[in-house]
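In what follows, a single structure is set out as structure tokens and then discussed.
Here the chain labels run A, B, C and D in written order, and each chain numbers its own residues starting at 1.
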Amino acid sequence: MSGRSALESYQKGEGWWQTEISQIKKNEVNIRGYKMEDLIGNISYGQMLYLLLCGDILDEKKAKLFESVLVAGADHGPRAPSIAAGRMAATCGISFNSAVATGINLLGDSHGGATEKGMKLLYETWEEARESGKDLYQVIDSKLDDMLSKKEKLPGIGHQLHDDDPRVNRLYELAEPMAAEKEISGVYLDIAEQYRRLLAEKKKRSITMNIDGVAAAIQCEIGLPAEAAKGIFALSRGMGIAAHAFEEMQTGVLVKGPCPNDEELVKYTGVENRKLSGGEEVR
Amino acid sequence: MSGRSALESYQKGEGWWQTEISQIKKNEVNIRGYKMEDLIGNISYGQMLYLLLCGDILDEKKAKLFESVLVAGADHGPRAPSIAAGRMAATCGISFNSAVATGINLLGDSHGGATEKGMKLLYETWEEARESGKDLYQVIDSKLDDMLSKKEKLPGIGHQLHDDDPRVNRLYELAEPMAAEKEISGVYLDIAEQYRRLLAEKKKRSITMNIDGVAAAIQCEIGLPAEAAKGIFALSRGMGIAAHAFEEMQTGVLVKGPCPNDEELVKYTGVENRKLSGGEEVR
Amino acid sequence: MSGRSALESYQKGEGWWQTEISQIKKNEVNIRGYKMEDLIGNISYGQMLYLLLCGDILDEKKAKLFESVLVAGADHGPRAPSIAAGRMAATCGISFNSAVATGINLLGDSHGGATEKGMKLLYETWEEARESGKDLYQVIDSKLDDMLSKKEKLPGIGHQLHDDDPRVNRLYELAEPMAAEKEISGVYLDIAEQYRRLLAEKKKRSITMNIDGVAAAIQCEIGLPAEAAKGIFALSRGMGIAAHAFEEMQTGVLVKGPCPNDEELVKYTGVENRKLSGGEEVR
Amino acid sequence: MSGRSALESYQKGEGWWQTEISQIKKNEVNIRGYKMEDLIGNISYGQMLYLLLCGDILDEKKAKLFESVLVAGADHGPRAPSIAAGRMAATCGISFNSAVATGINLLGDSHGGATEKGMKLLYETWEEARESGKDLYQVIDSKLDDMLSKKEKLPGIGHQLHDDDPRVNRLYELAEPMAAEKEISGVYLDIAEQYRRLLAEKKKRSITMNIDGVAAAIQCEIGLPAEAAKGIFALSRGMGIAAHAFEEMQTGVLVKGPCPNDEELVKYTGVENRKLSGGEEVR
């Protein structure tokens, strides 16, 4: 479909709903050209997600690496707003899927969204080096200087709580031997690490990769599009949201708010004791 | 947490957010008592979801069977309202995760929700037979008569489009040998099949199991709670929603509605040409 | 549209999207038969909502009473889960409308949903008295006994925090003179009050109407359908959700969870120190 | 609250949930310093929304103008994706409020979102003229040239269907006399009109203001913040979403997709007949 209007494309003979993903007929469900019955039982969750998004079957080693990322992001406890919102929703008498949707609705630019930004930077850096013929590390250095001068944040770096995140270490432990064995290119892992190392050098302090950063590098290694990252994380963290919402449902508590009714936690700081006089107006 | 008020439980010394699922400390993420770094790379998506929901690691064969169900439900094309809503959302300029949430929000009682109802019926039937000491098939017969007399629909039976659904056949093909090998009990597959067979007999016509029905039986076989079914399906169909929303995003079309602007598709059937006279009132 | 399949209705010549609400043509927007330009500036928000839902223009006094209900439910502070979820969403980097949707997604059966249940009970009670010719108060008495024997909760009664809710008192103050002047029938206000009074008598303790209860009575008085109540409350509380989410956005805080990271507030109560041995299985 | 971490602010003694909007105590609900019982019955929906968002009571004329904008945007029929998504959701067996939330979730940057962009441009233009001391029309001219050179779209201009939108004309009819009477400044209506006129001149063709454009100008006239626009439109279009979802619920149709199952409407354009061979890989 080309152009920006669905109506125009339709008038030119395209379908209103046009898709390369699936074809549904009576007693036939085909996904990206494969019969669904050939996929069921033969490919894993990670492979199915990749097939749906990208059109091809990921080999088993890469698929396992992809699932490692999905598993790693699944839960970060009830203080994550996505988890908390799902738990509260579960106490409010709505359909369970809607509680899951509530949590997923929160996984935006600032809540897991650094993976997308990281992937864009990694792809862009590699593209720029390839197209310009410049040395990769020089490209990284100059892009980082550029970001710092614009006060932009390097995505995938630092964490509010962890400074030696066991999830990050473990994902490297899984990805690095694959790069050494050339099962993945290793290019994006390398670029990400250079950005981190250079930033630490420039800032003259220790700086750690966070889980969004390593997830970005791995997802680039297996060829996922950056723009799909938030949807992928939705299905990773979605596991935790579902489990926490389910746990809350089991308690039978009704309409649970974010915290106890405690002056220290909930403070009113606005004006007090106003009266309607009829002549009010704002400006 | 007992009782219906979170505040009461908290005043008795329980945490406001109390969970058996995960424990997050500085540089530690523990899930159901396991270190996250022990899980990453060692368990699959299906095992992680099961662990989060149920507290234990599913063995590999059962986990594979579970993932088969997740794969089978992943997509049914853009005419499924969940997929269509996700696709439309993707054209409206919201965060990608919110487009995924939009689709998942639709997976309620009538859209995949038969799995939960089916699981409840299967668990209940087995429980009743065990507790009463009655013959299982007699219990099924009498429960079915009861449902028919109340005009209740048997969940997991029949499909608008398919009468020989390849997904259903394939899931049976995977589950039945496991029952024969006692890797699963086979009890719930058997109960589901008896319900279908008996209903066909009573109705004197051929009746097919649908994908919700076989998913219900398999999810009972591996011990998932019925009430979690809608959340599980959210993560299964969520794959298709993410992929379709992503495809729509790539076209760059803006604000795409459900169908072309065609008289036959969109009809106004209300009153015409009214005027405000000031004296209007409803009843 | 009759029957349960949209496809069947369409094949019989109905539109796929068939509506009595609005008709959109080039340079024409008609709502329930009125030209939109005749409505804009001539009817209030409450009248427009009523017109869209019910097809007629509410007279000004009733419309003002309806808006009183919408205003009364607009906000109950950040400890209401709908408000909290909207506020948290606003810190996660999603579209502002999606933050509002997040909060509204929580306004289910247990969070404002008592209005719908209350309206059903009030309509049903009146219907039953009219159809049976029985004395209204006897019908109420016997229905209440029936509910108590089934351990059902009377909707719209009692509040976790308030026992003399100023919103409830004020709404009565507005509605009662209208009943006295026969601008509304007063029937549903009366039925609601009888239920409350009788329950207090039977329980031998003071019992107060809550805001859901009085909202139910007023919305019956002006002829709104019970099943629309959750949508109406969505637009009432939606004001508070929007304002709170907006306030949170202005602070610039990122990814704000439900409460501080405090042991007392967030407790892990599950098993500790498990190891993957390979032989795990659930049951 | 200052800075970007809620935890830091809390440690400095601020509340975790800190608000200037509402204060809830036993038998007290205060909004922006007013007792709720003083507001109920005395202020309209539009005034309440403004008070919650901005902290002050809008005078009655401005409030009426604001409600005109809310009424004008309430519905654009089932081909609007927000309305369609709400209608489909209503057939899927979820809570009614969740169907409303589904529709509202779609009202992003591209679906009504031009109002926010328009308001930002109008405020920015006025600010720039005031601060620089330059002639307002020169500022507009140079900003428009700048936008055109960057291929940016002027927000609030043009419509897919209407070229003489009756809603737009009517809103001008209401706003212009207020500007003439100095009940509003008229500055933003003027700036918006200059942008439109100049663009038509430069493009040498007739160009019309759309409803987002006139809504932007009016909302600036009454002092609403640009960043709140998507939340405001959520409550305007939310009326139509609720009514359409309610209408769909009444039909009893289950799981209704976006269009009939028609080859012309739903087209598969991907690869066909692939087989899993075990060696598949993506790149």
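Going forward, contacts are C-beta pairs under 8 Å (C-beta built on N, C-alpha and C of every residue); 3 or more make two chains touch, one makes a residue touch a chain.
Just so it is clear, the model here is predicted, and its values are computed rather than measured.
Here B-D and A-D were compared by C-beta pairs in contact; the pair with more is A-D.
With every chain reduced to the mean of its CA atoms, the largest distance from chain B is reached by D.
A straight line joining the Cα centres of chain A and chain B is 23 Å long.
We define each chain's centre as the mean of its Cα atoms; on that basis chain B and chain D are separated by 34 Å.
Put simply, the C-alpha centre of chain A and that of chain D have 27 angstrom between them. For chain A, the set of residues touching two or more other chains reads 5, 7, 16-17, 19-23, 39, 43, 77-79, 84, 91, 93-95, 97-98, 101-102, 105-109, 113, 161, 254, 256-261, 265-266. Within the complex formed with chain D, the residues of chain B that make contact are 77-82, 84-85, 88-89, 91-95, 98, 101-102, 105-111, 113, 161, 254-261, 265-266.
Within the complex, the chain B residues that touch chain A are 1-7, 9-10, 16-17, 19-24, 26-29, 31, 35-37, 39-41, 43-46, 48-49, 52-53, 64-65, 67-68, 70-72, 74-79, 84, 87, 91, 95-102, 104-109, 112-113, 161-167, 169-171, 173-174, 225, 227-235, 238-240, 242-247, 249-254, 256-257, 259-261. On the chain B side of its complex with chain C, the touching residues are 5, 7, 14-23, 30, 32-34, 38-39, 42-43, 50, 54-59, 62, 93-95, 97-98, 101, 105, 160, 222-223, 258-259, 263-276, 280-283.
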